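Next up, some structures in structure tokens.
Two complexes follow with chain A in common, the first pairing it with chain B and the second with chain C.
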Partner chain A sequence: MRRREDLSRADARVASRTGGTTGAATPGAHLTQVEIPREPAAASALPHASQEPRERRLVVVFASLALLVVGAIALYLTWGVDGHWDFALPRRLEQVAALIVVGVAIAVSTVIFQTLTQNRILTPSIMGFDALYVLLATTLVFVLGSTVAESIDPLLMYAVNAGLMMGAATLLFRWVLGDGTRGLYTMVLVGVIAGTFFGSLTSFMFRVMDPNEFDTLMDQLFASFNAIDTTLLGISAVLLGVGIVAAYRLVPRLDVLVLGRERAITLGLDYDRTVTVLLLIVAGLVSVSTALVGPITFLGLLVANLAYQLTRTHRHVINLTAAGMLAVVALVLGQAVLVHVLHFAGTLASIINVVGGIYFIALLLKEARA
Partner chain B sequence: MTSRTTSSARPTRASRTAAVAPWAAAAVVLVLAVVSLFVGVADVDLAGLFTDPEAREVFLISRVPRTVALLLAGSALAVAGLIMQHLARNRFVAPTTAGTIDAAGLGLLTATLVFAGASIMTKILIAMVFALAGTALFIGIIQRIQFKDVIFVPLVGLLLGGVFGAIAEFFAYRNNLTQTLSVWMNGDFSGVIQGRYETLWFAGVVAVIAYVFANRFTAAGMGREFATNIGVNYRAWMAAGLTIAAMVTAVVVVTVGAIPFLGLIVPNIVTLMLGDNLRRVLPTTALAGAALVVFCDILGRWLIFPYEIAVGTIVGVIGSAIFLVLIMRRRNTYAAA
Partner chain C sequence: MITIDSVIKTYGETTVVDAVSLELPDSGVTSIIGPNGAGKSTLLSIVSRILGADAGVVSVEGLDVFHSPSREVAKKLSILRQDQHTTARITVRELVEFGRYPHSHGRLTAECHAAVASALEYCDLADLVDRPIHQLSGGQRQRAYVAMVLAQDTRYVLLDEPLNNLDMVHATGLMRLLRSLADERGKSVVLVLHDINYASAYSDRIVAMRDAKVVVDGPPASVITPDALESVYGMPFRVHDLDGERVASYYR
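What follows is the complex of A and B.
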């Protein structure tokens, strides 16, 4: 309660300083109404746009995104069914559901993580989160022994994995992120190499465990887009739901975090606690997506940056939603093209990685020039 | 003698380390090589070599070629890394972090797909062309940006390598070669027998050539103007250096598979101890590279005996861990230098 009051007082200060005319000045108003200086970069680049066209723009963006989502799903569900509805539809619905869960989980975790790290080129995947998940899942089998691990209920196994992941990722990345004095590129490089390190350690453990069972274990532990692990779909959806609710409840705090660590603390935000909670959410969401389809490095980067470009705002309610919708469109359309145009000749992950990798290099070069 | 000040004593100690280091490294390599000759599934001991013809056969057909292959691949990759560091003027540039290894893998895949049944020399040649093109692309990108952060440069290279890797994966999947590709990208010496490793001698010869012309590479690494001023053809020596690195990488990838991070960490550690003089550190770097690969391979043969762990996997774990330490300790001046 006390914190809420602190924050709303901060509200009032910010609102009065920025000459805010919204209801934020009234005591007790909710944090969402803090008038943060929106998109400083865009605002300085563009002629000062009034509120009205911006709102209209958002309506257009979301309307077209919704249309795209519905269109993509309809396309995927109906393409080439040839009247075998009772066979095709349940299977395809299940796949679409999995793709939606994965897409939203990746998009939400990426947007949160980018706000945490204050930049737009770091994502949980690039920092090695999903490699860490695979490593932890492997370690668990390693410690238990593969026969014991196989006899355990997959749901329980998943829960334990996700729990481990949330603990380990939060601890590890709190340490790596440090107090923000490490340079951005150092962090990215550390992340990339940490991912490689986790990956090598995983394959090392596989070899040590039992070279004969290597391949079967590979299949059991590593999901991919071609072998979506649908047994975990239900519990993943629940976890995703919890993650999303938690994320949207924290949206006001995220909006404050965008201002940077110092300003967020000045505004009365319990910085360390908020970061820990957010990292827990990110780790949970990464567990969800990795358990279902395995690691995909560049999807989050693509959809988050596309979302920022489309919405041109720093408000997380908008960005989280737009990124989520974009991810669903990308995955469902990608899968449709893969199945019907390429006839499975290729993998969705490798297509996304080629496109996303080139985009990422372009982003890096642009950042370096700026 | 005793009245010497510390400032004059320091270079003496450094040069003494530099003088001792190659011999110490050579001794370690010798011991490890002997161990490598006698570790394996088949029982081979010194007495057996003279009395048991079967043991002698195993020794000559499998153990000796394997050990020689390890020594050649390890030393050549370390030298390739060292040359690349000097040419790019960045301590963290090596075949792993410049896209060279992944480009070579892509080349090998192309050779396999387009020229089915090509000879090993053709494959090496195509892989080399790809490795060279990939590295040149990387150098081109790096030279075009003005921002030369020591960390930024390898980051771009790693991602470029990732893109090459993803392209390779895409085509491998289409042609049912995913498994083969993952074998290529993970160095393994268990298949090395007489008649199947000899191409590695090319890498060894190239490493020796690198030593002979070490000073030219140092000059080229100083930059275009400096090199031209002292009469060194910058473009030619830059191209020569990159060709050496590409060739070594291609030969190793085609013959035994990729060994990640070796060309990165070995030169870094040796340079940390001995300083930056290319000609002086090159022999020690080569020996240390050989020692590390032989050590990791022995470890791989011993850990899950009678099975084996590929040396690429072990070097991957050790190498990425050491590289992490190298970047994380950035506060002290090493990485920024």
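What follows is the complex of A and C.
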């Protein structure tokens, strides 16, 4: 049983690797699944996972996650304070708040995006969402100069960024999916191309830019958790709150979307509208996290897949929450290691990427062997 | 009654459904047969609003499927398509509960639980309720999806090639189930079939398509004939009467 599941998952993975759509790979996966003859006796001999242990499992998972969250935050707040509480605590609390906002935003946006695309190795960054953010910041500095760009109210910048990303997502969706014959994958593909294009434009401007301006820009782009703008943190938390409330209100629809576009439509889901709203939420959440700390979307991939593995359910109430908690734990622990073990020799993103990369290689090896 | 009025669907230069008008009854079993590429599945996709039409109107009991609220249409019409891969872990019970979505919007009522239980029992899935669907065999999974459609409890049940990849044991079991749905629950079952002998044995009416058009339409007695079948498939058939069943032979 295990092998079949892995086979088909591997199929989907290969398809997305090679740039093919899962739509094309699915019939193949489906054929393998159905054609393998399996004896009913062997099937029914399997232990029946009943409802009870599943619920108990979830209780254990969430209890452990809650402990981990509390533990990680406590560790981060108290590690190496050396008695300077009145100095360290407010600063660190602020950083923890930022880590929570970023972590939850990334986790929720990734889980939603993966449900939309029916693919567990995609993240919103593949659509070029964060590339667009970087391009915008670069263009501002390039055109107006760093002095003017820096004098722009950060709140205004933020609003423009978020608005632009959400507008681009909606436009892209309306354009690509307008007539209903092209799939969500066409849109993702367009997003990939647009992302690469944005990236190329950005690096072109990097090359012809004044070195001093480039320095300023780098500081601005790779804002760290150590220098958080409190005004930005406040508005981010509000945006995150709105996004999360919207996402949890749409949980029943997200659950139905797990079945795929066609089944969702036959079950009476207003597919186009639902997907547009969900993409808007994703774009908003990505702009929250990118504006605060720059692109670290690999984290989303990591926590979303860890969450699916731990919870073993399709229900979004559970997966969204678990992924959010995992993201907070990963970011807080990562930041603690960065500060106290590596003494800032590196970035949080690089730590996440190393840990996440190892996890994914392990996952691939395990599935290849099974 | 489902009314299909002058529905047209084209892909570039190719017309896949060419001004098809058809009325599907509100009970009984209706089979749609025809060679590959005749437009059968496309027509079914359009009727179930998965695919938009370029022209024409489809209405279910007066509801225009493309312009009415999707939820209202989902209470009248359901479709079972080819098994699609899903990465999520969904148990049989959870899958069948999805069938209640048009009625409950995710919050199951007592009525929903009763419908789910009855659908599970009807499809003989009682032993499998807590198994993830990806662990099921092809036949079991097909039954689970049928149960989901049953739980949706719509008058019209459309099925796109439901017998694909099933052996004759499971295929016959499924056809019997569908027949009993029409007979015992008064549903209108509309299915695309490739096996004309299943169509012959189980249908009240057979609609044959060729080259994007409906070419023959009538009870099995008038469609399962050498002349009619040859006009649909363009190859010779012999039709035998075996114990009151019309069986087409075309293997040699």
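The definition used in the following text is that the second predicted complex is superposed on the first by the 245 of 370 C-alpha atoms of A that agree within 3 Å, B and C clash if a C-alpha of one lies under 4 Å from a C-alpha of the other, contacts with A are read in each partner's own complex, and residues count from 1 in each chain.
FYI, contacts are C-beta pairs under 8 Å (C-beta built on N, C-alpha and C of every residue); 3 or more make two chains touch, one makes a residue touch a chain.
Since the model is a prediction, treat every value here as computed from it, not as a measurement.
Student: Just checking: does A:208 make contact with chain B only, chain C only, both, or neither of them? Give me first, second, both or neither.
Tutor: first
Student: Counting residues of chain A touched by each partner, does chain B or chain C come out ahead?
Tutor: C
Student: Can A:343 be said to touch chain B (first), chain C (second), both, or neither?
Tutor: A:343: touches no partner chain.
Student: Quick check for you: in the superposed arrangement, does A:249 touch first (chain B), second (chain C), both or neither?
Tutor: A:249 sits against neither chain B nor chain C.
Student: Looking at A:118 after the superposition, I want to know if it touches chain B, chain C, both of them or none. Which is it: first, second, both, neither?
Tutor: After superposition on chain A, A:118 lies in contact with chain C alone.
Student: State whether A:263 touches chain B only (first), chain C only (second), both chains, or neither.
Tutor: After superposing on A, A:263 lies in contact with chain C but is clear of chain B.
Student: Once the structures are superposed on A, label A:314 by its partner contacts, choosing first (chain B), second (chain C), both or neither.
Tutor: Only chain C; A:314 stays clear of chain B.
Student: If you lay the two complexes on top of each other, which residues of chain A touch chain B in one and chain C in the other?
Tutor: After superposing on chain A, no chain A residue contacts both chain B and chain C.
Student: State the interface residues of chain B toward chain A in the complex, per the touch definition above.
Tutor: Listed in rising order, the residues are 141, 145-147, 149, 151-152, 154-156, 158-160, 162-163, 166-167, 169-170, 173-174, 186, 260, 303-304, 307, 309-310, 313-314, 316-317, 320-321, 323-324, 327-328, 330.
Student: Hey, which residues of chain A end up touching chain C in the complex?
Tutor: Of all residues in chain A, those touching chain C are 1, 4-5, 8-9, 11-12, 22, 25-27, 29-31, 33-35, 38, 40, 43-44, 46, 48-51, 54, 118-120, 179-181, 251-253, 255-256, 258-263, 265-271, 308, 312-314.
Student: Okay, in this complex, where on chain C does chain A touch?
Tutor: Spelled out, the residues of chain C in touch with chain A are 11, 48-52, 69-75, 77-79, 81-91, 94, 98-99, 101-102, 105-107, 127, 130-132, 134-138, 140-141, 152, 165.
Student: Could you please specify the touching residues of chain A with respect to chain B in the complex?
Tutor: It is residues 182-183, 185-186, 188-190, 192-194, 196-197, 199-201, 203-204, 207-208, 211, 297, 345-347, 350-351, 353-354, 357-358, 360-361, 364-365, 368-369 of chain A that touch chain B.
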